[in-house]
Every structure is written in structure tokens, then in C-alpha cells.
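Next up, some structures in C-alpha cells.
You will see two complexes here that share chain A, one where it goes with chain B and one where it goes with chain C.
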Partner chain A sequence: MNPTGLAVRFARAKEAAVFVLPLLAFLLVLYGMLAWTFYTSFADWEGTAPNYTFAGLKWYRFMVGLDRFWVDLGNNLRWLILGVAPTVVLALFIAYLLEIGAIKGIEAYLRTLVLYPAAMSFVVTGTIWSWMYQPDRGVLNTLLRAVGLDALASGYTTDPATATYWLILIFVWQYLGLGVLILQASFRSVELQEMVESAMLDGASRLRILFAVLIPNIRGGILVVVSLLLISALKVFDIVYVVTFGGPGYATDVLALFQFIATYQQHLVALGSGLAMVIFALAFIIIIPYTVYALQRWFE
Partner chain B sequence: MKTRGAPLRALVLGTVAVLSVIYILPVYVMVVTSLKTPLEITQRHYLAPAGNLQFGNFATALRLVAPALLNSSVISVTVTALSVFIGGLGGYFLARFRWPVTKVIFVLLAIALYLPYQAVLIPLVRIMATTKLALTHFGLIFSYLILNVPLASILMATFFFSVPRELEESAQMDGASRLQIFFRIVSVVALPGYASTAILVFIQVWNEFLLALTLVTPYTTTIQVKLNDIKGSYVALYNLQMAAALITVLVPLTFFLFLGKYFIRGILAGALKG
Partner chain C sequence: MSKGATKAPVSQIVVGVVIAALVAGVAGYWAGTQRGGGMAKAEERKLEIFHWWTAGGEREAADAMFQALKAKYPDIQLVENPVAGGGGVSHRVVLQARLSANLPPDTWQTLGGAELKSYVDGGYLVPLDSLYTEIKYSDAIPKPLANAVTIGGHPYVVPLNMHIQNILYYNKKLFDELGLKPPTTFDELLAAAKAIKAARPKMSPLGLGTKEKWEAAFVLDSLLLELGGPEYYVKLYKGEVDVATDPIFKAALDRLNTLRPFIYQFHAGLTWDESCGLVVSGDSAMVIMGTWAIGYFKSRGWNPGVDFGAVTFPQKPDRILLFHPDTYGLAKGAPHPKATLDWLKVVASPDLQVPTDVTQGGLFARIDIDPGQFPDPIRQELQNYVRSNPGKLILDQHGSIAPFSFTQAYWDVAAAFTAKPDVAGTVKGVNGLFTTYKVQEGAAWYQWP
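Up next is the complex of A and B:
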């Protein structure tokens, strides 16, 4: 490398520094705190005062010995499956209907209709749905009884056997619109539109077009939606906190809520850090395929 | 893909009808209930509009949430402005300096973008407690900045990609520095991108609950934490709960209804490219 080349490189780096340094400073703090949590999970911090004495796997052993941990993991798994699969299928169906829609004005209406909950907080939706679900005088049961469908009235989130599913339903209600939006956008590529048109000229049925042409060609869009939903379902905290606080018993408890309670109510901070690392590890697994895909798209 | 047919029309109309009920019912009930008296609510005609519109419910709810509303406004506006500014700079780096190290930064950002807050919660609370920042708005502002700058950077980068390079090249030949080009040309062209990013960050910060709850002090209670308090303390007063919920959701919902275009663009930019 000749001196001028080096000077040019140096000038470029100096130019870039102004733009990237503030961002790097924030990333450094963020990853520093992540490392801090990681270390704390191996420390012996129990109580309000910090204790960074290394304790090895002590608190991880404690964690896996807790029934509550396994109940939570099971519930998180329910969230991951039932919060995501039905949402994606429904979103795909609605997005396709919008595409072939045929009725003027309906697209804008339907999109706003399913998307507005995306702007609301889980605390607000949790407050509304708590009242919808209230078993004695709540909205749903009152309406069902009013039309003579008493048999359908249920305990919703107060019934330990089904409580989690009713919470997941709130999540699906809130996130469906995002799925529709993203999937519909991924239908819109020019090449895909041309493929659909030629398939229609060949006389393929609409259902065939959906499964043979559209779905295989929007794998990117589906990956994005699935990743987004998986990560949101994994992180779920607000809905559970507001509507049931994990109850009845531990029936609706999830890792994120246990993490909060272990750390700030039971002051088992090392355990809380361990639970945080479990949540992080699951999140990490979920975003790997997504990150690889995004990286390819960005740097192709 | 536009075709017509009777069975298809029926299917579309049926879907629209079902979705309308599912998506309008909760909000309709929320609005109607917020205007009723507690006595009216006990009569259980939940779908009937209020006999006498009780706007007093909103006055009462507003008195309860006013300080929290102010806290949330100060925090959300500050975080949005700073995230968009720092994210703009960072996004420009990602979009225009395509070095091998940029890939590394991108991967770090992608992970940060979806990081469960729990992973940094304990150190964050520790830092805020020892520095006493938690006692002021700066505690939450700083925390939200750390978590939203990555999102703002990625979003802004996707918007900068669509700014034509020729604009920059001609300015460069006129002797403008990179920073001048960024502020006077690129940022101006990408103003709609700034709007999208700002709306997304604002809504995310306004709606955030976990950090706000963990770092809560009497001086920094946010609107979401306050609403949860109200839900807990006015258990039977659904009219007050619903009025407070409506006030809480009013700001983000207004953004969504009137600036929906930017909101949607922001989501798509984040989803399809980042």
C-alpha cells in the first residue's frame, strides 16, 4: 500500500467515524449490559445488595429443579406455536383475499380494521380484554347469555386448563394485521405478479395459484412474519402481567413474568439473570435464520 | 390478479363481516362504557349506547393520568428525537460505507433489534439506581435510547438506500463535505423516512411497559404503568378503566389514523429489509 492510498483510507475512515461512532457507543453499552447479565447468572447474587461472587452453575441447577420453570417453558412453547401458526395462516388467507378482493374500497377498510391494534399497547388491549373475558359480568359471557348461548359461556382466563389459550387469542388479535400487511406487500413484486398472470392464462385455479405460485415465492416474507411473531410471542410479558399475573396459580405464567418476579419480588437476582439468559438464548435461535436472510438481502 | 365471481364475493363479504365484529366490538364497548355511569353498567346492556353521556368520566380519568401523560410525553418525544438523529447518522453509515466491518455492525444491530429487554434489565436498573438517574426522566430516556437507536439506524438505512447517489456525487464535486451532504441533501430527501422512523419509535416507547414498570418512581410513572394501576385499583369501575384506556391509546391511535401511510412504510421497511 502506497502512502497516498493509506491517506485516502484514513480520510474515509475519519469521514465515517462521525456517522458510526454514536451508534457504536450505544451498541457497546447494550452488549456490555448483556455480558453483565450473562456473568450475573453465574454469580451468587441473592438479596437486594449486589453479590458478584462466582457460584458456577448453582442458580442454573436451582432453576431446572423448579416446577415453575418447566410450567413456564411449556407455556412459552404454547405461545410460540399457537401465537404464530394460526396467525400466519389467517394472515395469508386475508392477504390473498385482499389481493383477489374484487370489491372496491374493501382493501383499505380491512387493512385499517386489522392493523389498528398494532398501534395499541398490550396494557390497553389487556385492560379491554380483561373486561371482555370477565366470567360473571364480562362482555362476552353477558352477550352469549343474552342470545341464549349459555353453553358457550366460559371461565376464559380464570379456568386453569384454558387460560393461556385465551391470552394467546389476544395476541393473535393484536398481531394479525402486521402479518397481513407484510405478506400482502410480499405478493406485490413484479416477477410474482407476472407469474400469477401466466398461471391464470394457463387456467390454474385460484387455490392452486396460492399454493403453487404465491406461497413458494414469498418464502422471504413468510420468514419475516414468522420470525417477528415468534420473537414477540417469546417476549410476551405485558398481556400476562395485566390480565392474569400468571394465575390462576402458575397456569399462565411465562418465563418473562417469572424473570420479573424472581428478580424484583423474590430478589433472587442470579436466578433472574439465568432466566433472562434462557429467554435470550431462545430469541437468539429464532433470529438466526432471519438475520442470515436480512444480511443476504442487504449485502447482495 | 383482479377477477370477479359470485362465490368469491360472498367469501370476501363473509370474511369482512366476521373480522368487523371481532375487531370493532372491543373498541366499541370500550367507547360506549367509558361514557356510562356505574349503575348503567350493572344493567349489563353492554352494546347499548350510554343514556346520558358521562363526559365527567373522562375528566376524572384525566385527573388521574395527567402527570403520567406528561411523563410519557416528555420521555417519548425526547427519545424519538434523539433516536432519529443518532439513527439517521448510523443509518447513513450502514447505507453508504459498505465495508466488511459494516456487516459485523449489521449483525450486532439485527440481534439488538429483537433483543428481549430482560437480557439487559438487571444491569440497566442497577446503573439507573446507582447513578440516581431513575429518579428523573433521564433514566427511562437513556434506557429507551439504548434500545431504540438500533431500530432507528436500520430503518433509516433502508430509507437512505433509496436516495439516489447522483445527488450526493454532484454535491461532492461542488466541494461539499460528507456531513454537509448528509444534512443538507440526503436528510432532506429522506424526510418521509424520518417521519416513519419517528412514528414507529414514538409508538414503541409510548407503549412500553416492562422497563417503565421496573424503573418506576413516583416522578417517572408512565401512562402504561398508570393505566395498569387504575385497572388494579378501580376494579369494578369499568367506566373509569375504559376512559383511562381510551386516553392512553388516543395519541398512538391518532398517529396511526392520520399518518398511517408513514406507520405502514416504517413497518414494511423494518420487516422486509432489516
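Up next is the complex of A and C:
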């Protein structure tokens, strides 16, 4: 190797450092904090002052002994299933309707309308929806009563049996637009457009084109939407905080809200860290399929 | 210019930035470690204060506090770090971070009782024995109030007010119209609720909001106090009652269950102020709430003694006032300890307490202030009662005899019960909370009477 080659290499290394260093700093902060939280969950930090004495599984045992933890876990699973599945299916149909121009003329308006909720903060939409749900004077019950459907009027988020489902509905409404946007984009590859054209020439029905041609060929897009929604559903906090604050009692509580309550209200910091680790573990499980898929694509 | 020469500045900038960040970090850390240590030169006349009085009505009370400070010590420069959001929730998040990082503000707002104890246990506060002796504050405030700010024999904070929890507010015009007497026992409450329901079938006689959860525990507390009396109440929250077999706790839940048909049905969606709003809007006729509700009713244009009345509930077997104070202390390692002590003297003075408490809604911490300073008959009467019966004060749900970790969980269970009553399940649940959160150990500090 000649000296000039070495100089070039050095210059390249410096160039790489420009990009790698910020990434490294970012990773260090992110995973450093993660490791810190992980350790804290095994420490004995109870009260306002930090206490890093190792306590083993003490606070994890405490956690699984709490009824509230299991209620939260059940609610988080409800969010994961009911927050994601209907959103993806609905988004797929709406994206397809927009794509084939079934509703000509208003397509642009509809797209804006569907996407608009996604542009708002959960704090805003949560407040709006809690006004709609308000059982006495809220929009929904007032409308139902006006058309004589009094029997359908309900307590919505104030009824412990159904409250979580009404919260999930807000999530579906809010994330639908994002799903539509991503799926519509994934319809637009050249190969796919050609396949759709030839299928149409063959006389395939529009529904058949959707199920036989489009869906099998946009797995990447669907996986992105599903992963994104799963993670958003898993870390849900704001909707619950704003609309019900976990109530009635703790019927609508979720892990993220309990983590907040345990850490800052109850001053059980080790417990709060443990709950954060449970959320992390669930997130990890969720992104594995996506990672595997992404890696497969990478090596293809 | 060669290719290499154009690149060099970029990497140099990056390296420079990294070094600058490191230097700044180290310098910041060094500055942090220097705080509070070796105060050779004269202390700056500055006061950094943390409080959560940011909402309407409370903001005005905070301004009244700082005006009093300014009048006494015009040279003290005030640095406020109020956290918007109210209720002290976000306040505690930021404060906890500052304390854990060893960068405390000079002084911060805390409730007396269990919350104060958590800061004392963390070693974040300096005992104020000499200040208390100097200004003779123990003689100026009721004994139970002094007990609520004394941990392990030392007073740690200076209380500026007392809020009373167990007050029943009622629509005075409606009560007069129906010829009802304001209830002071459970039986009277039930009778009044029935009479109101009969006369106004669309009304929910007792307003309630349990979104913040503690409201449910307020109602339960009143029922417990009547059934068990003050000694029982204290023993219960000190963890000295076996809830699993205790007939009184079960009876209180049964009574709450009996009341449920007369309670506003959708309480889970309402905050405390919205539950008082039910009384103003005519959806309800009564609500059990702390003294801070007086300010709310007034802000809605309701006049005490004209539109609404208030009674201590219950008044049998004894008229006990469940209370908690707002307080300020001196941080360990406070950057400006002298200015902070000056501030605490102002907090203890009538000059601060009169304008602040009249605005914010509580009673005066000092019992030597003329109750006539209050514009409303409700607080005049309460302050008079405290003056002649200081021993009737017991720490409430907010001040909390039991550890805060327990109290939070207890509120949830109480709120869950009002939404979906299950007496056996709740008894079992509450009993479990007492052991889970080691209440007996955590509440041993509290002495009453």
C-alpha cells in the first residue's frame, strides 16, 4: 500500500466519522438510559431519593402480585388487537377506493379528511372525544336521543365494562389516515401498476384484484403499517390520561400510565422501571417480525 | 484547493463541537458540585421557588404570596418555576428530576403529611427547629397542624393554610324551597337525597366526580368517620385495623352502596370542579368537597350563604375537621438559604396568610388571625371552630396519614367501588393494600391527638 492510498483511507475514515459519531452519541444516550432503567428495575428505589441497592426480582414479584398490573396487561392486549386489526383492514379498503377512483371528484377532499385527524395531538382529540362521549350532554347521546334511539345511548367511557373499547375507537379514528397514506403509496410501484393493468385486461373483478394481486404484493407496506400501529398502540398513554385518567377506578389503565403513576405519584421508582421494561419487552416482541422481514429484503 | 482541504474543516467542526460539549458538561458538573459548598462570599438575594398554583384563582393566590414577600424584602429577586397543569402532577415530575440530580430549588410547595415525609425520608429538607423557636410558630398554629409538619420530632416546613376535606355543599335555594335541613349524618343525607329525588326526579341529589379518584375516598372517609369515630379513623389509616374482618369498614361500603342510586351516575368522567359544577347547573343538589370548592362556586357567580350553604359532614359522633396544609420548606443544599429563611418567615406571617388564604380558599394556619378577615360566613365559622377546638383536626386524604404509595392505590379502589360496587372484593382489595404498601410501618410517624 502506498502512502497516498493511506491518506485517502484516512480521509474516508474521517468522512465516516462525521456520520457515525452523532449516531454513536445517540445510541449511547438511548441504550445507556435503557440499561439504566433496566438496572433500576432490579434496584430497591422506593421513595424520593435514588437507591441503587440491588434487590433482585423484589419489585417484579411485587408487580405481578398487583391486580392492577394484570388489568393493565389485559388492556394493553386489547389495544394491540382492537387498535390495529380494524385500522389496517379499514385503511386497506379506503386506500383501494381512493386508488381506483371509485369516488371521483371528492377523492382529494376525502384524502384530506381521512388524514386530518392524524395531524392532531392526542391531547386535542382526546378532549374532543371526551366531549362527544359525555353521557348527559355529549354529541353522541344527544344525537341518539334526538332520533329516538334512547336505548343505544350509553355511559361510554364512564362504564367500566366498555370504557376501554371507546378509547380504542379514538385511536382507530386517529391512525386511519396514516394507514391509508402508507398503503396507497405502496400501491404505486410500477410493477404493481402493470400487474393490475394486465389483471384488468384479463377481466378480473376489482375485489379480486385487491385480494389476489394487490394484497399479496404489498406485504412490505402492510408490515410497516402494522408495526407502526402496534408500537403506537403499545405505548398508548395520552388518550387514557386525557379521557379517563385510567378510570373508572383503574378499568382503563394501561402499562404506560401505571408506569407514570408508580414512578411519580407513588414514588415506587423501581416498580415504574420494571413496568417500563415490560413495555420494552412487548415492543421487542412486536418488532421482531418486521426486523426479520427487513433483513430478508436486505439480503435478497 | 485540494479535496482533502475542503473536508478537513467539516471534521474539525465536528470534533470541535464534541469537545465543546464535553467541556460544557464537565464545567456544568463542576458548577453543580460547587453549589451549596463553601459559601465564602455574600449570598445573592435570590429565591428559586417551585409551586403548582398556576390555574385560575390559584395564580392570584400565588401573586398575593409574592406580593407579601416583595413588601417585606424588596431586595429578594424571585425566580419562579411553576409547572402548568395544576394539581401538582407535572410539578412532582420536574421536582423529582431536580432533586435526584442534586439541583434542588431553594424551596418548593408540598402538602404536609405523607408527601412531606417522602421528602424528609429522601433527605431533601433541612429541619426548621430554630426558625420555629425564633418566630414561636408552634404556639401560633393548632397542635394537629404542627404534628402534620413534624417528622421524627423536627418541624420541616412552614404551613401557610389548612384545607378542610369533609364539607358538604348544598343548593341553598332548593333546600329552602323544599324545606330541607342540611344533613350532618348519613341518615339525614339519605333522607335529604330521597326528598330531593321525589321532588326533582331528573336530579342526581349527590354530585360526584371520580376522574381524579380521590373524590371517591372523600365520600368514603365521611362515612367511615361517622361509623367509627375519630380514633377509628386514625387507627385505620395507621394500618392498625384488620380490614378483612372489620365490621365498620364493611358497613361504610354498604352505606356508600346505599347512596349510589342518588349519586350522579357518570361520575367517572368528571373532575372535582366539574362535580361542583353539577350543583351550579342544577343537575345535583349536594356535593362533598374540600374548602377549595368555595372559590369555585364564587367563580361561577354563586354567593356563599345565599346560593349555596356548607356544613361539616358528618357531625356525629363528633365534629371532626379532616385537613391538610400547603407548606414550604428549606432545601438541603439550597443555593440561597438566607433568602429562603426570610421567605419562610413571610410564609408564617399574617401578612402573607391573610391575602393568600382568602384568595385561594383554605383556612388560616395561624389561629391568632381574626376569622372576620374571611369574606364568607362559611370560613368565618370554620376558623372560629378551629380556634376554640384545635384538637378536632385530623390529617385528611391529601395530607395522608398512610404512605403516599398506599393512598394512591386506595383512591383507585374507592373510585372503582363507586363505579362497580363489590363489597367483598373491595374489602379484600383494601386489606391487601395495607400489607402490600406496609402502611403500619410507613404511618407510624403520625400522632393523634
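A few notes on this one:
Rule of thumb we're sticking to: the second predicted complex is superposed on the first by the 278 of 300 C-alpha atoms of A that agree within 3 Å, B and C clash if a C-alpha of one lies under 4 Å from a C-alpha of the other, contacts with A are read in each partner's own complex, and residues count from 1 in each chain.
Simple rule for what comes next: a contact is a pair of C-beta atoms (placed from the backbone, for glycine too) under 8 Å apart; a residue touches a chain by one contact, two chains touch by 3 or more.
No experiment lies behind these values; they were computed from the predicted model shown.
Of the two partner chains, neither chain B nor chain C is touched by A:S154. Look at A:P50: by the touch rule set out above, it reaches both chain B and chain C. Within the superposed three-chain model, A:S189 lies out of touch with both chain B and chain C [touch as defined at top]. Of the two partner chains placed by the overlay, only chain B lies in contact with A:V242; chain C stays clear of it.
Within the superposed three-chain model, A:Y264 lies in touch with chain B and with chain C [touch as defined at top]. Of the two partners chain B and chain C, it is B that touches the larger number of chain A residues.
Touch criterion met: A:A119 reaches chain B, while chain C stays clear of it. Touch criterion met: A:S130 reaches chain B and chain C at once. Judged by the touch definition given at the top, the superposed model places A:E15 against both chain B and chain C.
Of the two partner chains placed around the shared chain by superposition, neither chain B nor chain C is touched by A:N217. Touched by chain B in one complex and by chain C in the other are residues 15, 18, 50, 130, 264 of chain A. Against chain A, in their complex, chain B makes its touches with residues 1-5, 8-9, 11-13, 15-16, 19-20, 22-27, 29-30, 33, 42, 44, 46-47, 86-87, 89-90, 92-93, 97-98, 103, 105-112, 114-124, 126-127, 145-147, 149-150, 153, 178-179, 182, 203, 206-210, 213-214, 224, 227-228, 231, 238, 241-242, 244-245, 248-249, 252-253, 255-257, 260, 263-264, 267-268, 271-274. Chain A meets chain C in the complex at residues 7, 11, 14-15, 17-18, 21, 46-50, 62, 65-68, 130, 133-136, 155, 157-158, 160, 163, 244-251, 261, 264-268. Those residues of chain C lying in contact with chain A across their complex are 3-4, 7, 10-11, 14, 18, 89, 92-93, 96, 99-100, 118-119, 121-124, 210-213, 265-269, 283, 404-405, 408-409, 412-413, 415-420, 429, 436.
Those residues of chain A that touch chain B in the shared complex are 12, 15-16, 18-20, 22-24, 26-27, 29-34, 36-37, 40, 50, 93-94, 97, 99-103, 106, 109-110, 112-132, 137, 139, 142-143, 173, 178, 181-182, 185-186, 193, 196-197, 200, 206, 220-221, 224-225, 227-228, 231, 234-235, 237-238, 241-242, 256, 259-260, 263-264, 269, 272-273, 275-277, 279-280, 283-284, 286-287, 290-291, 294-295, 297-299.
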